[in-house]
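First the structure, which I've put down as structure tokens, then a few questions once you've had a look.
Think of it as A, B, C and D in the order they're written, each chain with its own count starting at 1.
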Amino acid sequence: MTNGWVDMKNTDMMLIMGGNPAENHPCGFKWAIEAKRTRSAKMISVDPRFTRTSAVADLFCQIRAGTDIAFLGGVIKYAIENNRIAKDYLIHFTNAAFVVEGDFKLPADTDGVFSGFDAERHSYNRASWNYSGGKPAQTASTAAGQSAAPPPLPPLPEKVDYDLTLENPNCVFQLLKKHYSRYTPEMVERITGIPKEEFQKAAELYTSIRKDGDMKKAGTIIYAVGWTQHSFGTQIIRTAAMLQLLLGNVGRAGGGVNALRGHSNIQGATDMAGLFDSLPGYLKVPTPADSSFDAWMKRTTPTTSKPAPWNSWNYYSNTPKFTVSFLKTMYGDAATKQNGWAYDYLPKVDRDYSWTHLWDNMYNGLIKGMFAFGMNGVAIGPDSKKNIDALKKAEFLVVGEIYPDETSEFWRSPGISQDEMKQIKTTVYRLPCAGFAEKDGSFTNSARWLLWKNAAVPTPGECRLDQAIVAQIFLKVRELYKKDGKFPDPILKLTWGYTDPKSPSLAEVLKELNGKALADLEDPATKAQIKAGQQLPGFAWLKDDGTTACGNWIYSGSFTEAGNQTARRDPSDPSNMGVHPGWGWSWPANRRVLYNRASCDVDGKPWDATRRQIWWNEGTEKWVGNDVPDFKADSHPKDHMGPFIMNAEGVGRIFAPLGAFADGPFPEYYEPFESPIQNPLHPERTNNPVVTGLKSADDKYGTVKDYPVVCTTFRLTEHYHYWTKNNPMNVQLVPEPFIEMGAEMANEMGIRGGEKVKVSSARGEYIAKAMVTKRIKAMMIDGKKTYQIGIPFHWGYRGIAEDEGKTERMMVNLLTPTIVDPNAHTPEFKGFLVKVEKA
Amino acid sequence: MQATRRDFLKFTTIGGAAAAIFGFDLEPAYAQLRVLKIARANETRSTCPYCAVGCGTIIYTIGDRAKNVTPQVVHVEGDPDHPTNRGTLCPKGASLEQDILNDRRLLKPQVRRPGGTDWQDISWDQALDEIAQKVKDTRDQTFIEKDGKGNTVNRLETIAWTGGCTDTNEFNFLVVKTMRALGVVHLENQARV
Amino acid sequence: MNHSDQILSHGRILRYEFHERLTHWIAAGSYIYLMLTGLAFYSPWCFWIAALLGGGQVSRMLHPWAGLIFTGAILKMFSMWSAQMYPTGADKAWWDSIGHYIRNEDDQMPAAGRYNAGQKLLFWGFIICGVLLLLSGAILWFPEYVPWNLRFLRYLAVLIHPSAALLTIGLFLIHIYMSVFAERGAFGSIIRGDVSLAFAKRYHPGWYEEITGQPASPKK
Amino acid sequence: MSQATLRVQKMSGHAGSVPGDDAQREFTVCKLIDTTTCIGCKACEVACMEWNDLPFGETVFDNTYQTMPETRWNYWNLILFNEHEKEDGSLMWLMRKNQCMHCAEPGCLAACPADGAIVQYTNGIVDFQQANCIGCGYCITGCPFDIPKMNPKTNRVFKCTLCADRVSEGLEPACIKSCPTGCLHFGSKEDMKDLAEKRAKQLRDDYNFPQAGVYDPAGVGGTGVVYVLHDATRPELYGGLPSNPSIPWSVKLWKGPLKWLGNVAMVGGLIGLFVHYLRFGPKSREDEDIHPRGENP
């Protein structure tokens, strides 16, 4: 979330799409309701099903799963045509005025792809996706037939050509206008199935906050994995971000682009880089081609790129400070300037090791052993059968869990006979872990707030704390490597200075994350001093000379000399805008609304005087306010420093240049990988051109001929993933799995509510009772009557109802495809094809 | 004995007399109420482990932290001070007591041996020793120091870590530390899916 | 049993056989319990009766079972006595002379058979009210099983049950008064089964004639 | 069990006055349920179950999100889900939290014969005292909202207590506290009425619900639970909320005129018989023609 849960109460307009917060985030959703109650804010719900959110929305549009880019593109077109854009914001705070290189081509001109498409490799040479800046582009063409990795991209130009009148035909704004001119209401209707009158009602209502360019009101876009889980998920979110920039909603109270994360600490897991392609604090992993630490830094540290008279802080120019401090935390004294801060110890990554590839690699025999801690990969899918088949080939599996789960019992999943079981060679260890109430530590919520929790009860039985298990395994491995073994250095040199090495105190780990001074430090400007060994006050103190250690730079400030900031419990909110600066601690630097400089006009005055977040104080020549300025505190407005300090340009990217995204600098609408129609925009290019399926025998993809129904998966508010099927209270609320289908479809098939239905995809089948409802209607998609169904996914083969034999002991993810988004590598759980029969 | 007029008088007045004799008092001014079950319970501030709203919860346990008490959860309720949830909880958060006191919890280490058709109990020490040995053996056999082009890669592709959604930041960092130190590249998390 | 068997020694006549007496007392016992507990539920002023009888819970628990016993008893009575209870022409005359009856001028009364018209009223009153009490009582016993859309049945039941019960109480009071206080010998007849010839002659002359074959009222 | 500090102002099956009546200054508490912001999340259902430690029961899928068809003795709080198609073809998914309405003039209390089994505290909460409950089920008949439910095992009736144990200690009811969207609100009846009317006005003025209004039925003297409805003219759309509830006519008749008629008749009958005896005595004063009884008692 750019903003936060409580901040939603400041909004005037909500577009909730690709998410169902009433269902999945009820307690955060209260602030959306609060806006309705106190500000008479309006809410638009766009969803494949009429959901609990839709029940309290002011306008509902039923959309075909996966067609969100068409909808949002249509809204962008509507906003531009009806002058419902934030002109000043657009010119000064975004790259709308930037001029793009002449050889950049839009899909309208190049058969449905952007310029630079390499059809053989299913990838783009993105050199032409650049600003024009009079600097000669480096050689970027690829010799025909050459099969090496794509050539390195040219840099962004240091001085960007621009046109503040926005009239240059090659400026970002004109390209945007041209690109989305094709997203007419008629086209939106053909693709999404939303009648054009209804679409126009929605577009009119959402953009009404910017009627005649008036900047007072703010609108927010709220989404969740209904957007992420597509083969173009990142681009849906991009479209939303662009719309918000166009309307001047980013950085403002009650505005922003708000991703509602679905789990208590996957925000923290992302921040902490529990993912193959990053290091803590969104640092990029080194590749084998980065021959040294310096080469790595050169590649990953962006250089400023902006119109000459403007300013850009380009905060990621500090990447070396963050990285060196991280490596000092990892390897302590073993990380020296001489050895590139132990650069060799880091594994180098040049392949996709993401979730679906991980299972594919196990399926293909590459992966021998897996740890699954609180991660039920078999149930989570996609393509659960493939994951079960993959585990059969592994040598060992270590599961840390609190309940019996599908993954740890893959070897006796339904359909495996005793004889087959005996053929499965995998050794499975199932270690009893601690529940949430037995552990302390911090979670980072969706609003980036780190909140410390305390342990309330001891672990039951022989259960052990998760951190103790990992520590004990690691220490035993380290003992073994003390004798011999391959490349033992990173294992032997890893810092492990916890008071109790066998069960590290999580408070000590948080201190490590915050970082400390390794030598006496002094701030040259303020003369403030920090002694060696003291906790750092924040990431501004980080150094690239090895005098600071910090596990995760964005968490620097969370555990300072003043103590554990994440445990703060001051609920006060002096501005009454939901800032609560004294409650917990939010990254970065306790800022609650990101990019809040954009809440003011160019001169530093708030767009809306009634919702003042920060402002420029002429007297003190400082940015001050109710929130911590997400900006250089002393940058005078007349210096024209861009508010988007994490971008090299300093401004918001309506056009995402170069390597930012794999599949286009503007989002273009493509059909889901399994789709019922050809793409009406360009039938010859139906799917995302850079997306390809996996190739194993279990990776099967269906077509509309065999599988005519669009299917989407979803969560219920009564259940949480594959966890609460062990909780008798939640099981009482919703005792059985079901399949939600429209009354018209059910009538046609002669299915009544409560009857069993079989849903099949190219990959598997799923049987559950039908929920026949008026809340899903048949849709006309490109002139063809199309049905959609939705399936809640909370069941598997171990749970209260499952063990009592009340379900078919199946997982919905037996149906879902292994197709992933090319940027975020998230599988396309939504909008795949199935057929439906009576069971 | 013969029925007389006196008998009749006796008969009709016996009921009224009985009430007086037994002296029933059926006039409570106050009704019986259940005493507030959390009145003296111990409060622990925690965070709900489900979605990313991060609601503050208060876990009520019996005992006052005295040494001779094993805390037992008696109630879980929203933390009214928490700015986001202000004491509210959803149906999952509100049922957390059943998550803490769940009789389906795994309570001891188990192992399923190759070809096995059921779980066997295993001691912690043996389980951890075996796991460590497998990690060491696998790593030693398959660790890649250089790629085809001669670049140093120092990676371990044969062991994967999949992390859960409810792991704390601190636990995740310990995982990053240990796994990256081993050279693990198949490092993924619920955050991906 | 033929009439001559009913004539006992010592100038007595058998009026109620053992099974009749037993049935009567089963009905009487259960009725008294039902009435007392019913009164307790009927009015707060009588709730103390429930306390005397073991508490409200026990009273409520046993009341319907007692009701079933009572129902069984009156069904038995129905099968035993209904044939003799059908109104006859003489009953009309009896009612016409009710003033004499009230003033204890029994000799002014038209001859009654084994049962006079008042007793027949008692009988039919209890039979009809018994059926009503049973039906309404069944609903009140299991109100939670009466579906919400048939709730009018519950509403009828709460009216019918006490109304019918009140009618029986009226009959009951008169019955007790008559049998215990007003008619010497009546009480004994339901205990031991026999009455004196004089009793039969005085109160049930028709019956007396039937049994003995002699006229009951030489006075007339 | 302890004696808490809520005074009783009405008491079922009670002879004479109620000691707590008219004895204390007190405001009436009230629960406001804004159905227009209810998302049917069932947090209130769970909060109720958890606070009251009610035993879990079986449920089966029934083509709805609703947990069970109706409240149970061990499930006091149930959200009713109704899909309603409006005249213009658009859909409304109506959700209404159903529970005891805590009527000012409770039908259950009127119907209950057991002394002190149902009480109304001076703050308006209607509470069942299972210790005094005799299991007759008259309350089930007396309630116009179909709320009290019998535990078949113990033959005692249960329902929402409005968390009297919490309220008496200064806390809000568990459901109110849990409600994520704030569609539940708690305070004095006066304040809740005010809040409800304001919200209804907002719905009429800003949200195109011209029929929006407040449900506080006069037929039961007003309720301790008031609803804001999108369409107050049709409460039955919300899972059969009665548009004009009152204590059933037969219960009123039974507990009113019939009772007094019966009382008069019974007492009158007794007196009549007594007087008859005094005046006329037994039918046979002399024992000459009746076999003596004394020998054989």
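Operating definition for what follows: a contact is a pair of C-beta atoms (placed from the backbone, for glycine too) under 8 Å apart; a residue touches a chain by one contact, two chains touch by 3 or more.
In this text the structure is predicted, and so the values were computed from the model without any measurement.
Here the chain at the heart of the structure, going by C-alpha means, is B. When the interfaces A-B and C-D are ranked by C-beta pairs in contact, the top one is A-B. For the pair chain A and chain B, the distance between mean C-alpha positions equals 28 Å. If each chain is reduced to the centroid of its CA atoms, chain C and chain D end up 39 Å from each other. Averaging Cα coordinates per chain places chain A and chain D 50 Å apart. The geometric centre of chain B is 35 Å away from that of chain D, both derived from CA atoms. Touching two or more other chains at once are residues 14-15, 41-43, 45-46, 49-50, 115, 180, 182, 270, 277, 281, 293 of chain D.
In chain A, the residues that reach two or more other chains under the touch definition are 26-27, 30, 717-718, 728-729, 733. Contact with two or more other chains is made by residues 8, 26, 78, 85, 88-91, 93, 95, 98 of chain B.
Per the touch definition, chain D reaches chain C in the complex via residues 13-15, 70, 111, 113-115, 117, 132-138, 140-141, 146, 149-150, 152, 155, 240, 248-251, 253-254, 258-259, 262-263, 265-266, 269-270, 273, 276-277, 280-284, 287, 289-291, 293, 296. Against chain D, in their complex, chain C makes its touches with residues 10-12, 40-45, 47, 50, 55-57, 59-61, 102-104, 106, 140, 142-144, 148, 151, 154-159, 162-163, 166, 169-170, 173-174, 177, 181-185, 188, 192, 196, 198-199, 202-203.
Partner chain D is touched in their complex by these residues of chain B: 1-2, 5, 8, 12, 26-37, 39, 75-78, 80, 85, 87-91, 93-95, 97-98. On chain B, the positions that touch chain A within their shared complex are 44-56, 59, 61, 70-73, 78, 81-86, 88-93, 95-96, 98-100, 102, 104-117, 119, 122, 124, 127-136, 138-140, 142-143, 145, 147, 149, 151-178, 180-193.
For chain D in complex with chain B, the touching residues are 1-8, 14-16, 18-20, 23, 41-43, 45-47, 49-51, 53, 115-116, 119, 121, 127, 129, 131, 164-166, 168-169, 171, 174, 177-180, 182, 270, 274, 277, 281, 293-294, 297.
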